[in-house]
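The structure under discussion is supplied below as C-alpha cells; questions concerning it will follow.
Chains here go by letter, A, B, C and D, matching the order in which they are written, and residues are numbered from 1 within each.
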Amino acid sequence: MSFNSFGRLLRFSTWGESHGPAIGAIVDGCPPGLNLSEADIQPWLDKRRPGTSRFTTQRREPDLVRIMSGLFEGRTTGAPISLMIENVDQRSKDYSNIAGAYRPGHADYTYDAKYGLRDWRGGGRSSARETASRVAAGAVARLLIPEVRIRAFLVELGGDAIDRAAFDDEAIDANPFFCPDPAAAARWEALVDGARNDGSSLGAIVECVATNVPAGWGAPVYAKLDAELATAMMSINAVKGVEIGEGFGAARLRGEVNADEMRRGEDGRPRFLSNHAGGVLGGISTGQDVVVRMAFKPTSSVRIPMRTVDAGGEETEISTKGRHDPCVGIRGAPVAEAMMALVLADQKLLHRAQRGEDR
Amino acid sequence: MSFNSFGRLLRFSTWGESHGPAIGAIVDGCPPGLNLSEADIQPWLDKRRPGTSRFTTQRREPDLVRIMSGLFEGRTTGAPISLMIENVDQRSKDYSNIAGAYRPGHADYTYDAKYGLRDWRGGGRSSARETASRVAAGAVARLLIPEVRIRAFLVELGGDAIDRAAFDDEAIDANPFFCPDPAAAARWEALVDGARNDGSSLGAIVECVATNVPAGWGAPVYAKLDAELATAMMSINAVKGVEIGEGFGAARLRGEVNADEMRRGEDGRPRFLSNHAGGVLGGISTGQDVVVRMAFKPTSSVRIPMRTVDAGGEETEISTKGRHDPCVGIRGAPVAEAMMALVLADQKLLHRAQRGEDR
Amino acid sequence: MSFNSFGRLLRFSTWGESHGPAIGAIVDGCPPGLNLSEADIQPWLDKRRPGTSRFTTQRREPDLVRIMSGLFEGRTTGAPISLMIENVDQRSKDYSNIAGAYRPGHADYTYDAKYGLRDWRGGGRSSARETASRVAAGAVARLLIPEVRIRAFLVELGGDAIDRAAFDDEAIDANPFFCPDPAAAARWEALVDGARNDGSSLGAIVECVATNVPAGWGAPVYAKLDAELATAMMSINAVKGVEIGEGFGAARLRGEVNADEMRRGEDGRPRFLSNHAGGVLGGISTGQDVVVRMAFKPTSSVRIPMRTVDAGGEETEISTKGRHDPCVGIRGAPVAEAMMALVLADQKLLHRAQRGEDR
Amino acid sequence: MSFNSFGRLLRFSTWGESHGPAIGAIVDGCPPGLNLSEADIQPWLDKRRPGTSRFTTQRREPDLVRIMSGLFEGRTTGAPISLMIENVDQRSKDYSNIAGAYRPGHADYTYDAKYGLRDWRGGGRSSARETASRVAAGAVARLLIPEVRIRAFLVELGGDAIDRAAFDDEAIDANPFFCPDPAAAARWEALVDGARNDGSSLGAIVECVATNVPAGWGAPVYAKLDAELATAMMSINAVKGVEIGEGFGAARLRGEVNADEMRRGEDGRPRFLSNHAGGVLGGISTGQDVVVRMAFKPTSSVRIPMRTVDAGGEETEISTKGRHDPCVGIRGAPVAEAMMALVLADQKLLHRAQRGEDR
C-alpha cells in the first residue's frame, strides 16, 4: 500500500534523496538460508554506477552498498535486509538555479502542486539516484531465482535501432551502451557525443529478457505477470511506454499470425513455434523467454535554454547546468534487470504459496 | 494483495466465470453520500455489451447490473457496493472441442501449468467477460470524480490509423468502432468484415484521455500515476503494450523537443506549450490531459486451423468455433475508460488523505 | 488495504447489510484442486444460524449458501470463490423506532459521525449478520488445513465460569451454549432465560483452540500469529478483549512459572511441559495448541429503556424491540472458529511461500 | 503485506537486530510540511531507553536517532522518512551460552522451526530492541495528530494493582514505573528489587489512553479501530492480551449497565454518561477517551535454571545471564503510546480520504 514499496511477498521499500546523507532499501520477505554478502550486490551497482564512461553523468559516486541487517553468519535469516548506500559527491550548489524555476519535463512543478514544497537539490526523491536502491534490492531478488537468467540491453538509441541479425550477447558488456550490436554501438558513440555537445539529450528503447522462467508464474486478472512488469518498468524514471513480446506491433498482426502455435517438445511439454506473446499468456508465464521493452524519454535536463515559469508564476528561461546523463536509457538497463528480478522472485513465492510445490 | 482486486483506497474485487451463473464486483472504500442507482451504471455496460453490432461477438448478454449492497435511500453509505451481472447466454457446448486442446494465444496451457486444472468453458476466468465487472465498478468510480471527463477511442485498427487532423469527438459514439475519424470508421467496416469472413481477427490501438485532472494526483516512485495506469491497462485482456503521452515516440525525440515548456497561464498557474508528457511528470499529474494508449492484440480465437497440442502432449489442430469478437480492441475502449476512472478516483482519495484538502 | 477484506494470501472480502437482498463473501487466493461444494459450508452456517434455540434471536434465516464462482467439476480452480446468502426474514419495520435515536452501545452514533448518514435497518453493515459471511469463508479455509482441528466453546456466561475439571469435548455440541461443562450449561439456561425475561442481556467469554498447528507458522514483529489472531477476533462484533494462552493471567505470574519448559519429545522434537504461551512464541507457532480467548460484551439491544439522544441532538429514551440475542457470545463461537481457520490457512500459505516446502 | 511493516496510509517498516550495527524504521505516507527534527523524536526514545533506572536492563544504549531522509529545510516533504539508531553496547558474548539451547518462553525454538536457522545474538529480530524503532516512528505519527493526547501508564505490576482513586497524572513521570499511583510505585520498587534478586521477573498491565480523538475515526468490519489497536498492541514483544474499555470485565456486566447512555452535550453533540466502550463503538471512535489495556508477561529471561533442550534435541538446563529487564512491561508503556499514535494518525488519514474534510 505504501508509496515507496514494491512487491507482494518479496517486498522492498526505498528511501533517500539524491542530496541527503544516504539512500537505501529494505528487502522484506526474503527466504532464509540464502548466502548473501555485499559482494553479491556490488557488481550490479557497479553496472549502474554513474561516471563509468563519458556517456553518462560525471557525478562520481562509488555506490558502495552496506548490508545493515538480516544476515547471520553470511546467510539470510528471513528478517528484513536493510541496504544502505552513502551519497558522496552531492554538489547542491549545482542546483541553486533551479530552486526557483520549474525545469520543463521534470517533476519540479508537479511536486510543488502535490506537496506544496519540494526538495530541489538534485531532484530530491525524483532523482534517478533512487534507482540504485532498486539495483541493490534486485541483487537480493536474483538469489531467489538462480535458475533464471535476466539480460537487459538497448535496442534503439536516439532513434537508431540495432540490427537484430547482428545480435551478439557477448557484445552487451563490451561497450558502454549495453548494446548487443557492435556496429550500432559504434554509431551511438557519435550520436551521444553529438547530443552532449549540443547540450541536448537522447531517448532509448531497452529490452529486458528473462530466460528459464518456468510455465505457471503469474496470476490472472489484476496480478498478471505482464501487468506487474508494466508497473515495475513504468515506475522507472523517464520510462514512458512498456510492451510485452510483440507489444504495439501485435496490434498490426492478424490473429493467426500473432498466436504462437505449439508442437510437442522433446520433454513432452508444449514447444512454441514463435514468441509473439513475450512469454506471457493470460497473465501467466508460458515457459518461453519473458520479453519486455520500455521507452526511455530523453533526459529533460538540457543545456539548451527552455521557456518556463517560477514558483511565483513569473515567466523565465532555464538551462540545466548540473551533471546529467545525455541518455538516461543507458543506465536504465541495469535498473530494468533489477525490476525484472524483483517481479519474478515475488511471483515465484506467490506461486509456491498457492500451489505448495517448491517450483 | 489479492489476485482479483485492484486499487488502494477505492478498491474493487471481481469474481465469476464466463459460464457460471453470474459475474460481479465489490467496490470498497467508496465515500458515503453519493447518489447511485443501477441507472448510473447500466449505460456504461451497454457500451461494452456484446452483440450490439456485427463487429463484435454475437453472444447475447443483456448485462443487466444489480446493486446488492452499500446503498440506503439511493445513496452510498460507505459500505462495500456489491454489483452482480447474471450470465444469460452461456453456450458451453460451443467450447467442447477446446476442453482437450490448448488454443494458441490463449491462457489454456498456462492455466493448466499454474493450477493443474482449468475451467475450459468460455475461458473461465480469463474470458473478456470479466471486464464487464470492471465497467460496472468504473461507473461507481466516475461518481467520485465528476470534474473529470474520460474518453476512450480507437486510433488504429488492423494497422490502419486515424487521421488526427480529422479528429471529431462527436463521431466517437456515432460508429461501432469508437472511432473519432468518420473516414477511418468507414474503412474499418470493410477491414473487420474481411477479417471475420477470413476466420481471422485484427488488433487495435486504443487511446484513453482524461481531461480536467487537477495537478498533484499520483505519487513518486512505486505509486506513480503512470505506473498505476500501466498496470491497470495491461491487466485488460489482450493488451500487450501501454504508453503515456508521446510514449515510445518519446524515445526518438531530443530532450529539448520532448520536454514541455511552460508559460504563465491566465489563472496564474503554469500553462504548458505541449503535452508530450501525457499529463504526468515524475508520477504526478500536471493538470494537462492524461493520455494513455494501449495495444490490443488480435483475438487468438480464429476459425483458421492452428497447430497445437492437447493436455496429454499429443499434437493436433484446432479452430475456434465459439462466438468471438473479430477485434477485441473495439470493446476494449469502454473497459479502458473504466480502468482510467478507477485509477483516478483512487488517486484522488489518496491525495486528499496525504494533503488533507478536499481536492 | 480495503476495509472489508481480511487476510494476506488467502484473502476474503464481505459485503451486504442485514436488511438488503443478500450478504456474501469472496474468497481469493485459494489453492486449486480442493473438493468443494455447498455441503462443505452449510453445516458451519447451521451452527451459527439464528433461531435454533430459544437462547438466540428468533429471526428465522435459513442461511443457505450458494457458490457463485471459482469451481469447476466440483473442485476449486484458483479463481475467486464467491459465496452468497440470501436474506429472507428481514423485518425492517422492527427498526423504525431506531431510525431517529441513537441506541446506546450500538454503532448508530458513530456511523453518523463517520459517514454523515447510516442504514438504520437492523444495524446495516454493523449487524452481526455480517458474521455469516465469515463462517462461510471460514469453511473454505478449513479445506486448506485439514490437519488442524479447531474448536470454540464458551468458558463463561454472564460471569458464571465453567469448571475446567469437568471439561467434556463431546458436551460442546450437546447443549445450545457450546458449553463443555454440562453442569454449567444447565445453570446458563436459567441465566439466559432470566436475562431475556428482564429485557436485559449477558456477556460471555469464548475460548478457541486449534490443535495440530505445526511449529513455524506466523512471523515476527507485525505479522505475528498472535497479532493476526488479535485483529481477527477483535473484528468480531461485540468482542472487547482478546488474550492468548495465559493472557492477562500471565501478568500475574513470575517468569520462571510462565515460561514453558521443554524436554525431549518422543519424536525428537521439543515437548513442552506446559502451555502458558498458548502455542505462540515470538509470533510463531510452537506446535502446541493455539489458544485464544475473547470477551463478548452483552448485547446492547435491551428492552429496558435507556437514555439517549436523537440525530438532532434532542434527549429521548429508547428500548430496543427487534429480535435480538440475549447473549451474542453464544453465536460468537462458530464465528471465532471461522476466523481461526482463516488466519491459520493464510499463515500456512505465507509459510510455504517463504520456506518453499509444502508444510 | 510485508511482515515488518505496519499501517495502511501512514505506514512504517522496521529493520535491524539487537546485535547488528544499527536498527531503524522508514515512515512512509507522511503528509508534507510538518516541522520535524531529531529533537522531536529523541525525548520519546529517552523514555524507552534502557539503563535509566535500576529497574530496567543495564544495557547502555544512548539510542540517538538520526533522520536520514524525507526532510527539506526542517520540514517533511512527503517522501519516506528514514530513521536510524546505532547499536552501541552490544555484548554478543553474553549470549554465547544460548546459541545452542532454546530458552524457555523465548522465540529461539520457533525461529529455528520457521527459518531453519536463527540469529541468537540477543534474540536477533525478536529482541525488544526493535521497539525503539516503533517509538521513533511513533514520534513522527504524533505530529499528524497534535490535537490528540496519548498517555500510557502501568496499572498493575507483579499482580499488585494501583488504586484508581489515587490516580495522579503528574505522578506518571515522577517514578521509574510510569505509575499514576505514588503509593503503588513505592510498593513496586520492593517488588521489582525482590524479583531481580531472586533472578526472577514480573509481569505488568499497561493502560494507554488517547484523549481528544474525534468521533468518526475507524471503520466497520475488518479495519475496526479496536481491531487495529489489538493487532498493534499484540505485536509488541511480551504482550499476551489486549482489551478495550471495560474489556474482559464487560463479559460480566448486563447489557443495560455496559451500554453507555447519552445525553445532550453543551456543544449539541451526544455526551456519554460512562465509557465502558473505551471510546469505540462498531469499530469507530465515539469522541470519548480511547482506552486500551494490555498484559505483559514476565520476561522469560531469568537467572533461575530452567529445563530445556538444545537444537540437537538433547535435554539441558539454561539460566539467562544477559542483562535483562526484570519487568519488560515498564518500558512497554512508551511503546504502547507509539503504537497508539501510529494507529490513530493512520486512521485520521484514512478518514479524510473517505470523507474529504480535513478532520
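Note that in this section a residue touches a chain if its C-beta (ideal position, glycine included) is under 8 Å from a C-beta of that chain, and two chains touch if they have at least 3 such contacts.
Quantities reported herein were computed from a predicted structural model and do not represent experimental measurements.
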Point to revise | Centroid-based (C-alpha) most distant chain relative to chain A | key: C
Revision key, fill the gap. When A-C and C-D are ranked by contacting C-beta pairs, first place goes to C-D
Practice item. Could you grab the centroid distance between chain B and chain C? Build each centroid from C-alpha atoms only and quote it in angstrom. Key: 39
**Study point:** Geometric centre distance via CA averages, chain D-chain C, whole Å
**Key:** 26
Point to revise | Chain centre separation in whole Å, for chain C relative to chain A (CA means) | key: 45
Exercise for review: Give me the residues of chain D that touch two or more other chains.
Suggested key: 1-5, 8-9, 14, 29, 32, 78-79, 114-116, 125, 220, 355
Revision key, fill the gap. Listed in rising order, the residues of chain C that touch chain B in the complex are 1-5, 7-9, 11, 13-17, 20-24, 26, 28-29, 32-33, 68-70, 72, 75, 77-82, 114-119, 121, 124-125
Review point. Can you list the residues on chain A that touch chain B in the complex?
Key: 1-6, 8, 14, 102-107, 109-111, 113-116, 125-126, 130, 156, 158-159, 195, 200-205, 214-224, 226-235, 240-256, 258-264, 268-270, 273, 276-278, 280-287, 295-302, 304, 306-309, 313-315, 329, 351, 355
Study note, to complete from the structure: chain A residues touching chain C in their complex are 1, 9, 29, 31-32, 78-79, 220, 349-350, 352-358
